[in-house]
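Two complexes are shown next, each including subunit A; its partner changes from subunit B in the first to subunit C in the second.
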Partner chain A sequence: MDGLAAYIVRRLLFLPVALLVVSFATFCITRYGPGDPISVYSGQYRDPEAFDRVRHKYGLDKPVVEQYGIWLKDAVLHGDLGPSFRYRDRTIPEIIGPKIWVSVRLGVYAFILTFLIGIPAGILAAVRQGTWLDPLVIGFFLIFQSIPILVTLPLLVLGLSVKLDLVPPGGFDGIFTRSMIIPTIALGLPGIAGVARLARAVTLGTLHEDFVRTARAKGLDEGTVVVRHVARNSVVPVMTTVIGLSIVGLLEGALFTETILGIPGIGRFIFESVNGRDYNVILAIVLLMTVAFMLANLVVDIVLAVLDPRLRTSGTGAR
Partner chain B sequence: MIDATYAPGSPASAEEAARAPASPFLRALRRLLRKRIAVICLALIALFYCAGIIAPLAAPYGYAEQNLDASFEGPSWAHPLGTDRNGRDVLSRNMFAMRTTVVVTIATVAAGGIVLPVTLGLLAGYAGGAVDWVINRAGEILASLPGLPMLVLISATMRPRFNGWVGDVEDWVGWHGLTSSGFADYFLIFSVLSLFGWVGGMRLIRAQVLTLRGSQYVLAAEAAGASTPRILFRHLLPNVLPLVVVGVSASLGAVAGSEIGLTFLGVGIQPPHPSFGALISDGASRIVLQNHPALLLVPAAIVSSLIFAFNLLGDSITDIITPGAR
Partner chain C sequence: MNNRLVLAAGGVAAALIIGLAVILILVIGGGGGSDNGGNAESSGTPSSGKTSSSGSSQDNNSASAGELRVRGADPLFLDPAVAEDADSAVYIVEIFSGLVRLDHDLKVQPDLAQSWDTSPDGMTYTFHLNPKATFQDGRLVTAGDVKYSWERALNPDTGSVTAENFLGDIVGAKDVSRGRATDVSGLKALDDETLQVTIDAPKAYFLYKLTYPTAFVVDQKQIESNPRRWTLKPNGTGPYKLKEWKLGERIVLQAYDNNVLGAPKLKQVTFELSGGSSLVDYQDGNIDVTGVGLDDLESVQDSSNKLNAEYQTSPRQSLDYIGFNTKTAPFDDPKVRQAFALAVDRNKIADVVLKDAVPVANGILMPGVPGYTQEDKTYPYDPERAKQLLSESKYAGNMPEITLAETGAGATVGPTTEAIVQSWKQNLGVEVKIQQADAATFFQDIDQARYQMFHLGWIMDYPDPEDVLDILFHTGSRQNSTQYSNADIDAKLDQARTEQDTEKRLAIYQDVERALVQDAVWIPMFFDTTHALVKPYVKGYDFPPIVIEHYRDVEVDRP
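Here is the complex of A and B:
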């Protein structure tokens, strides 16, 4: 495990460097475009003198590099990510915290749907390898992976809400309501194919293990062998890998889902913040996600290394 | 992952070896054409791409041609797929939207799927050391950025600047057609998609080069005094090309989907230039959806079947070039 530990330390040491680069790049990109939060806020007809005064108050009239220096100092020394220009008198964690919580719960729903369908489908395909059922199952879910989420959503609204009137066509009124059905389906469906394939591959590897042969040899029926011995050994690696790797995809899906359906989560909020040029909020969200992605990738690498000892020595994880 | 023992020269079966086809490429192509699913996908993709390419010649109407007397019409001989709110022909608009997809996918695949990953992957793998470190860390940072939000951010803030540059170029050249052709939008989309698209391919190619670097033919070339560019492009490039094909075929669907998604959010191709993102966005508004679902279903069906064909074709190509990868 020595190589793995060194690898983890190296990756963790790289994290602050990455954050520095990302924050500077994002800082410049946000401020590079014309228009700033004050001009968005003040609208078309404004008092130029007041406009300049407010810009000066927030330091937006300084050179970009100097602004970045000030931001970095506050962020590193005081943990202060700067003011939001759209929601004054509230700190950035206060603003984005509840939004993230909404998105996280939505993401958990989507994961549950993905795993509940994907893992059994993958195991079924593996057990029936060589028959028509195998490619049919995988191909069926590949269709759902190919339909962009911005197509799935209106279609679901058309079917479930406009035609059948089963669920509200959008909005958000709590996490345990029918308003969560459409976003859960839309977010969960595309991931099923990936989970099913992975579960199929892992199961195919497990099917030829000695303990499976032993289980068969002692006279267990095939169903028990698959459920108790094969599935149990397929589920854990599939779930950890998929959760780690699909956070990116889930966030992209959330951006569309939340924007289209009007759910007050972080995906919709990013979009609103970009349109409102809310510099510091954009920067905070981008940094938070960069940290989340890097840690998720690290966890996946560690899990894979623990599961497959051959990867430990090379120290580069799954690459 | 990659089958490191893959060698383009090794025959896949005795039967194929006996026929000894001209090149590994032709042999791979022949095996691809023997797969029925791959052929169907290729035909479908070719059909859509042809429709997009000949849109300016073959489309019955222009993409912005309005006829307000004929809004929301059903299918007829004049308008095979009906018309939209402004009486624009749905068939023509979808053909021109396909043209946008053709332009964006080809440009992005050329830059972000071939040129950038091949150059950087070869360099990183062969040069090693500091070059390798810089390229890999840059890739690591790019790969850990939240892709879509960054694309939205860059497109939103850079667009006016881009339009400004294009205007400057027009003034300088003295030809004013670039802005109205929507060139800046296409260029912006293609740039940001390429910027975020090269990392995966670069890693695959780098890994392959690492295994090839110590091989005898590279050592022989080095001993014979071949220059670094010659070793990179003459000796190593042919052996990483199969990986490039795999990477490109696997990413086509995602590239097409990204442009459509960005345009849907309003930061991609700007109206009146057509894109499936804009068509789906128009068709998805509540009133239109309720009364004229065909306006959503037509672009939705085209986009979904195109991406599905890309994904299936990508799978087939991966199976042929790197057997055992899945």
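Here is the complex of A and C:
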């Protein structure tokens, strides 16, 4: 395990470097982009001199590098990510915390849906390899992967809400409510094909393993072999691989889903923050995503290394 | 190794089972107490026996008799001196108040001040505060509170971009807003109940400006004890207290019964800040009032629709217009501007594209603004004359490239803009490109005069012609986004500022309006209109033409 520990430490040490680069790049992109928060939030009264006074108040008239220095100092020494220009009376964690929590729970639902359908479908396709069922199952879910979320969403609302009146058309009134059904389906559906194909590939490999042959030789019926031996060994690698890489995809989907359905999550909020040039909030969200993405990948690597000694001994984590 | 694998797989299996259970709960048990409204069709959902399945699901739909539920948007923050967005204004006008207010006919009425005297020269106002005027924590409002509030709004550290606009007429106000003083010399608290205000010229619209949130009263003690976060639970003087504000979810306003103008009839207003289609929410009975968008308008206006009985429409003091940069080619030539104005068939666009949802503007001043007349001051649709004027202009035959700027996401151009640009192409043979930008980029271009023409709206903040004609077209105004400069018009605007005879004053503004429209600085397009549905059990709800307090007299008698 020594090799693994050193590997983890090395990866973690890289995190601050990545954050520094990402934060500086984001800082420059937002500051040098057109428009600024003072001007956006000033409505129809366009008084340039008054704008300048307010910019001065927030230090926005200083050179960008100096502004970055101030921001960095506050962030590192005091954990203060700066003021939000939109919601000036709240701290940034206060603003984005609840929104992230909404999106995380929605994302977990979508993951569950994806795996609940994707893994059995992939195993089924693998077991029935060579029959018509194999391409049919995979092809069926590939259709959903190919349809953009912008198309599935209105169709789901039309079908489940307007026609059948089973669920509310949008909004958010708690996580254990029927209003979460449409976003869960919309977010979860596109990922099923990927999981199913991966599960199929892994299962095909497993089907030819010695222990499967042994299980069959013991005289176990085929159902037991698939469920207790094959499936068990397919589920873990599929889940670990997919979760890390899906975080970015989920966020992308959340942007559309939350904006269209009016769910107060982080996806919709990024969109609003960029439109409002809320510099510090944009920066905070980008940094958070960077951390989430890097940590998720690290966890995936660790799990895979634990599972597969070949990766562990080669040390550098060949991903 | 194998053991670990089995353990991991077992864990995953357990997770999957828990997940399945969650989904089952979600599908079957969720939703808590659903619909008062859609009971008739709710055969698909088990409405009984599952009510206590999860503690976390809030029961939104049970509303009390004195409560109104509407759709709202998150305010930015509730500081009346600083907030300048329409979303925040909706709440600020209910939570805070000022010396004077506008009633539903947009007349100035007493609020925290019960009366006021004006000196014969029209330059000194003496306000007598109502001795019953209190903050929501019960403390009496004094003249000193008003003085503090205004000086705070003007102080550059407060960061208000509107303070100079609304309070700048007071003698000494600009010294404070530009950091040269902290006290406004024209403001004197003679005693706790008397405030004397001296302005720099006898301006008839001064009282109107005091009805705007920048002039509202805030609590010095609260602000000084909690300078950054007092707006989360502001201690205002208005008819409603901020009871709850969950960012992105819900805002609840609760009646302040000791308000100086009496206890509000409506005890609670709940604003739902999230959700999908508000029309569907309205039909499901989750909200009591909803706006109606263009797509649903025709069906709601159809008298055979059962919603038609709940349909209300009312004018807003807001104008949609095309503005020209009068300093840039080709619109520095008035003939080009006039040709562009003549070439647009606004009646047809209103009819075909906008389904007659809004009236065609007949000038700059909207109905209800003093000085508004029925006379049509705008250019009629006349493609022949348009062509002729264009050929007489100095850009005939060498028309530069023209771009129209507007706000938008960039994906699709609004059908109205499309129709306008199409009629220029058809009638003038001039190809106009459309440049859409998000608000931040668009306004930066407007502020720096980097545009040829733009499509925008103007919303009145108080019902006086000065609020549009002087602010936007005077050469000296910093908000003159058309770069228009006309010595004759400037002289008239100066004269109107201090004219004491109301009729003469309005006549001057009418002259100015006519001249601006004839000079085609703007093409006034449409007057804005509210289209909404109000449940029959909601009484006394109306839609004021500008953003003012309006929940106080609403009565909800839910069946």
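Just so it is clear, the second predicted complex is superposed on the first by the 295 of 319 C-alpha atoms of A that agree within 3 Å, B and C clash if a C-alpha of one lies under 4 Å from a C-alpha of the other, contacts with A are read in each partner's own complex, and residues count from 1 in each chain.
Just so it is clear, a contact is a pair of C-beta atoms (placed from the backbone, for glycine too) under 8 Å apart; a residue touches a chain by one contact, two chains touch by 3 or more.
In this text, all values refer to a predicted model and were calculated from it rather than measured experimentally.
Within the superposed three-chain model, A:157 lies in touch with subunit B and with subunit C [touch as defined at top].
Shared-chain residue A:290: touches subunit B; no touch with subunit C. Once the two complexes are overlaid on the shared chain, A:262 sits against subunit C while remaining clear of subunit B. By the touch criterion defined above, A:148 reaches subunit B but does not reach subunit C.
For subunit A, the partner with contacts to more residues, out of subunit B and subunit C, is C.
By the touch criterion stated above, A:34 is placed in contact with subunit B and with subunit C alike.
Judged by the touch definition given at the top, the superposed model places A:282 against subunit B, while subunit C stays out of reach. Overlaid on A, the two complexes show subunit B and subunit C touching the same residues of subunit A, namely 34-35, 157, 162, 169, 260, 275.
Interface of subunit C with subunit A (complex): residues 1, 4-6, 8-9, 12-13, 16, 19-20, 22-23, 25-27, 29-32, 38, 41-42, 44-45, 54, 56-58, 60, 74, 76-79, 82, 84-86, 156-157, 159-165, 177-179, 228-232, 246-249, 272-277, 280-281, 284, 437-444, 446-447, 458-459, 478-479, 481.
In the complex of the two chains, the subunit A residues touching subunit B come out as 14, 17-18, 21-22, 26, 29-30, 32-35, 139, 142-143, 145-148, 150-151, 153-155, 157-158, 162, 169, 197, 201, 248, 251-252, 255-256, 259-260, 270-271, 274-275, 282, 285-286, 289-290, 293-294, 297, 318-319.
Residues 34-51, 53-54, 56-58, 86-90, 94-95, 98-99, 109, 112-113, 115-116, 157, 161-162, 164-166, 168-181, 184, 232-233, 235-236, 239, 260-264, 269, 275-277, 306-307, 309 of subunit A touch subunit C in their complex. Put simply, subunit B touches subunit A in their complex at residues 1, 137, 140-141, 143-150, 152-154, 156-161, 203, 207, 253, 257, 260-261, 264-265, 277, 280-281, 283-284, 286, 289-290, 293, 296, 300, 303-305, 307-308, 310-312, 315, 326.
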